[in-house]
Every structure is written in C-alpha cells, then in structure tokens.
C-alpha cells in the first residue's frame, strides 16, 4: 500500500457560484493544497526551504484529469485523500479523491477525483525565468512512497 | 469546420504564485469563462435568463482534462480559442486552446489545453437543491455547431 | 463582553503571490468566511435555509476597512477572531482580527484587521434581481450579541 | 489634475457567489490589478524587472478602505478609474472608482470605491524573507503624478 494522506476542506460561501455549488476551479485549488500537504505530511521541507538548499522551486503540474461526480456546497466538509500512484524517472502521478461524509451513517459521497502528473523543477542556470524538470529526487521518493 | 470563438486574458500579478507563474487553477477559471463566452458569442442567452425562461441553470463540468505545456506570467496576454468538438445526446465535449503571442514575430506559444465534458442541467422538480442533466437543447446546438 | 468566535486558516501555496506572501484579497475572502462562521457558530441557520424560510439572502458588505500589519506566507496558520462591535437599526459593524501564533512562546503576531459594515438583505418583491436591506432581525441579534 | 488611468473588467460567472452577485474580494483583486496597471500605463517597469535592477519587489498594501454602493453581476463590464491622491514620503494613497456604464444612455453606476495606502518595498538585506518599506522613488513619482 502506498503512503496516503488526508486534507480537510470546509467549503465557504465564496467558493460557490450563482448555481449555489462549488465553482469547480476551487476543487483544483484544493487538490493543489492536498498535493503540497501530502509532501509536507511525508516530511518533505516546504519549497521555500528547498529552493534555498537545493534549488527546487516546487512541483508544477504537467497534466490534470478531473472527474466530477456530485456537486457540493458551502457549509459542507470535504476530505481529500492523496497518494502517489506512479513514480516515473522525471514525473510522478498523484491521485486525489475528494469525498464528503455521508449523512446519517450513509456511505461517503465521492464528489470528484483528480489525477495529476507533476515534475520537480529548478530554475534554469542561465535564464532564472525558466523552470526545468529534474529527475525525481530519490530521498523525496523514499519519504513519500 | 465547427464554430470557434476567442477569449482574451490579461494575466494579473495576483494570478501568479510564489514561483512567479500562473497558479494553474486560474487557467481552468479562464477556460470556464471562455466556455460561457463561447455560448454567448454564439447567441445563447445568459444562464440568468435561461433559468427563468427554460429552467436551465448552466453547463456544469463532468470532466476536464488539462495539459500544461509552458508557464506564463503576469503582464502577458493569453488567447483562449474554444469550440465544441463533439455533440452527444446528453453531453458536449468542449476544447480550449490557450496560446500566447510569439515575441518578435515568432510563432505563438501553446501554454495549455483543456478538454471539457459538460452537461446542460435543470433543478430537480421535487428537490430544487439537486441538478439534473437534460438532453442537449437542439436550438442551442444549432447556434453553436 | 460581546460574543466572539474564532476561525482557523491554513495558508496555501496558491494563496500567495510572486512576492511570496499572501495575496491580500485572500484575507478578505477569509474574513468573509469568518463572518459567516460567526453567525453559524452563534446558531444562525445557513443563508441557504434562511432564503427559503424568511427570504434572507445573506449579509452583503457595504464597507470594509482593512489594515495590514505584517505579511504571512504559506505553511503558516492564522486565527481570525470575530465579533459584532455595533448593532445599528439596519447595519452591523463586524470586526475581524487576524493573528498568527508567535514562535517559541512569543506573543502572537497581528497580521491584519478588518472592520466590516454589513446589512441583511432580501430580494425585492417586484424585481428579484435587486437586493434590499432589511432591519437587523431581532432574533439573530439575540443569538449573536 | 493628477494622472488617471482606466482598467476594464468583464465580470465572469465564477466571480459571482450564490446570491448571484460579485463576491466582494474579487473587487479588491481587480483594484490590485488596476493599481499595477496604473503604474505600467504610466511607464513604470514591471516589478519582475524592478526586483532585478533595483530590488523593488512591489507595492504591498498597508490599508484599503472599500465602500460598496451597488451590486454587479456576470456578463456586465466594469471600468476602474485609478489615480494617486496623495504622495507622502514613504507611502502613497491610491484611489479606485469602479463604475458600470448606464443602460440606454443613463449616467454610469458607481459600483464601489477603494482607497489604498501602499508602500514600495525591498527585501531586507539580512533576512530576504522580510520586506522593508523604502522612500517613494522620485523617478516613479515623476512618471505617475
């Protein structure tokens, strides 16, 4: 079983749109937070530190595929369960499952799922405005697998 | 050739994250705006009107697959080109291509692409808190295809 | 002593801007959540219910004055302490104090403060697109003062 | 007459909340963009350049006072008119007036107003995580007054 972490989200009024449901880019915002939270819960230092010690700026997304199953609204609480499904040489595939506790003891509701492909990046030596993917650091993999 | 529309985005400072590049959920926010803009440029009334005249609340997403090719930052201008790739009985597949004009006459940069599956929805007759997918309205298809 | 509630915020990477600090409109977003959380912690039903039972849509802002004292960044946790400073006939003045726990036992840091003027509103009987301020409901005041 | 610039905003569906109107922190987000746009329209280089050439990271807010007069909703277009009301030694007071064109030739609607106090900041020499206010640069004032 790969290592898995959870991240809690309390949906705010302002996260919802005129249809009264969560405006979907917020789910991706929360998945991004869950992604970072995964690394930090696994013991990886914040990027703010890693950029100083090792030049690692973060793990920008290369791809995200998201499926929406049910709507959610403000006042509700979501749980995002995150793990790394695949470790490739230069990218990782991270999976987020967003659920809401069932009412009155019912099974939980699956709200949406996101499958992310992310790379670890540094700033380019010659052009610091460019970001370059690096091989997945072995020590980070050891902490998170 | 299917009907295609464009939507312009000027990237703001606050759209960017500590890595200095667009925080990715903003791309999906802009694609959502491009999706609505597509319908309005095709002559479909705003949902605010359609909810009154026909009960149609909007076109919530069922799925979005997004690929990120290059980073973008504040001060830059993006163009989102949108069309409907596929009209199924109950869903549509809408494609967004986000580009940045090339510098000094160079070809444009492809920043990211999003493929959305959307349904048209109404509120449920018995439980107005629930949204239900309806068949793709033929008159809207006629305006947008 | 007026009734006071607290609301916790964990700052996310995407809440911060290219200067590496919280993009300030997010503080106002969190104050809005703290405002609603205040009412709910005091026992006021969610607007989603109140709009059905009494037509009350929410408490839109008339004015907000915000002072920023220190920057905050991702990975940090904030506490927003909220109370109603003044109950007038048609508006309330709500105060939010945003603090960060001090490091190593030091006193807490005051990050920012917001003073909001809010009204309770209903939709206009004749034009449901218009919102109209109503007198502050006595029962809500009784719960929150 | 001080120099004044304008910035256009097309309100998106996702900028609005379940009450169907603009979620107010978005107004402050747009004022922030208008603030930066003011400097750039006046000929000040982007902070991304100024941080390299002169260490100036940006103009974080010290204070913002905002009054909301009318609601606005998606599909509408706003104009933000910006100028610097006051140049002090270490801070500036910037004023944003957000209006919507009147319908059928009527006078424009004043939607909201924001009065911002901003400082120019650099990173601290000894602790680059700290930002320090500097005297308002004379050349920037000359461009913008």
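Think of it as A, B, C and D in the order they're written, each chain with its own count starting at 1.
Heads up, the rule we're going with is that a contact is a pair of C-beta atoms (placed from the backbone, for glycine too) under 8 Å apart; a residue touches a chain by one contact, two chains touch by 3 or more.
Predicted model only: the values in this text are computed from it and were never measured.
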Of A-D and A-B, pair with higher C-beta contact tally: A-B
Length of the line joining the C-alpha centres of subunit A and subunit B, rounded to whole Å: 23
Centre-to-centre distance between subunit D and subunit B (centres being mean Cα positions), rounded to whole Å: 27
Rounded Å distance between subunit A and subunit D, as computed from the means of their C-alpha atoms: 31
Contacts with 2+ other chains: residues of subunit D: 13-14, 18, 20, 23, 25, 29, 32, 47-48, 58, 73-74
Arrangement of touching chains [line / ring / star / complete / other]: complete
Residue ranges of subunit A in contact with subunit B within the complex: 18-21, 23-26, 28-29, 32, 47-48, 57-58, 60-68, 71, 73, 129, 131
Interface residues, subunit C side, partner subunit B - complex: 13-14, 16-20, 23, 25, 73-74
Subunit B residues within the subunit D interface of the complex: 12-14, 20, 29, 32-33, 36, 40, 46-48, 58, 73-75
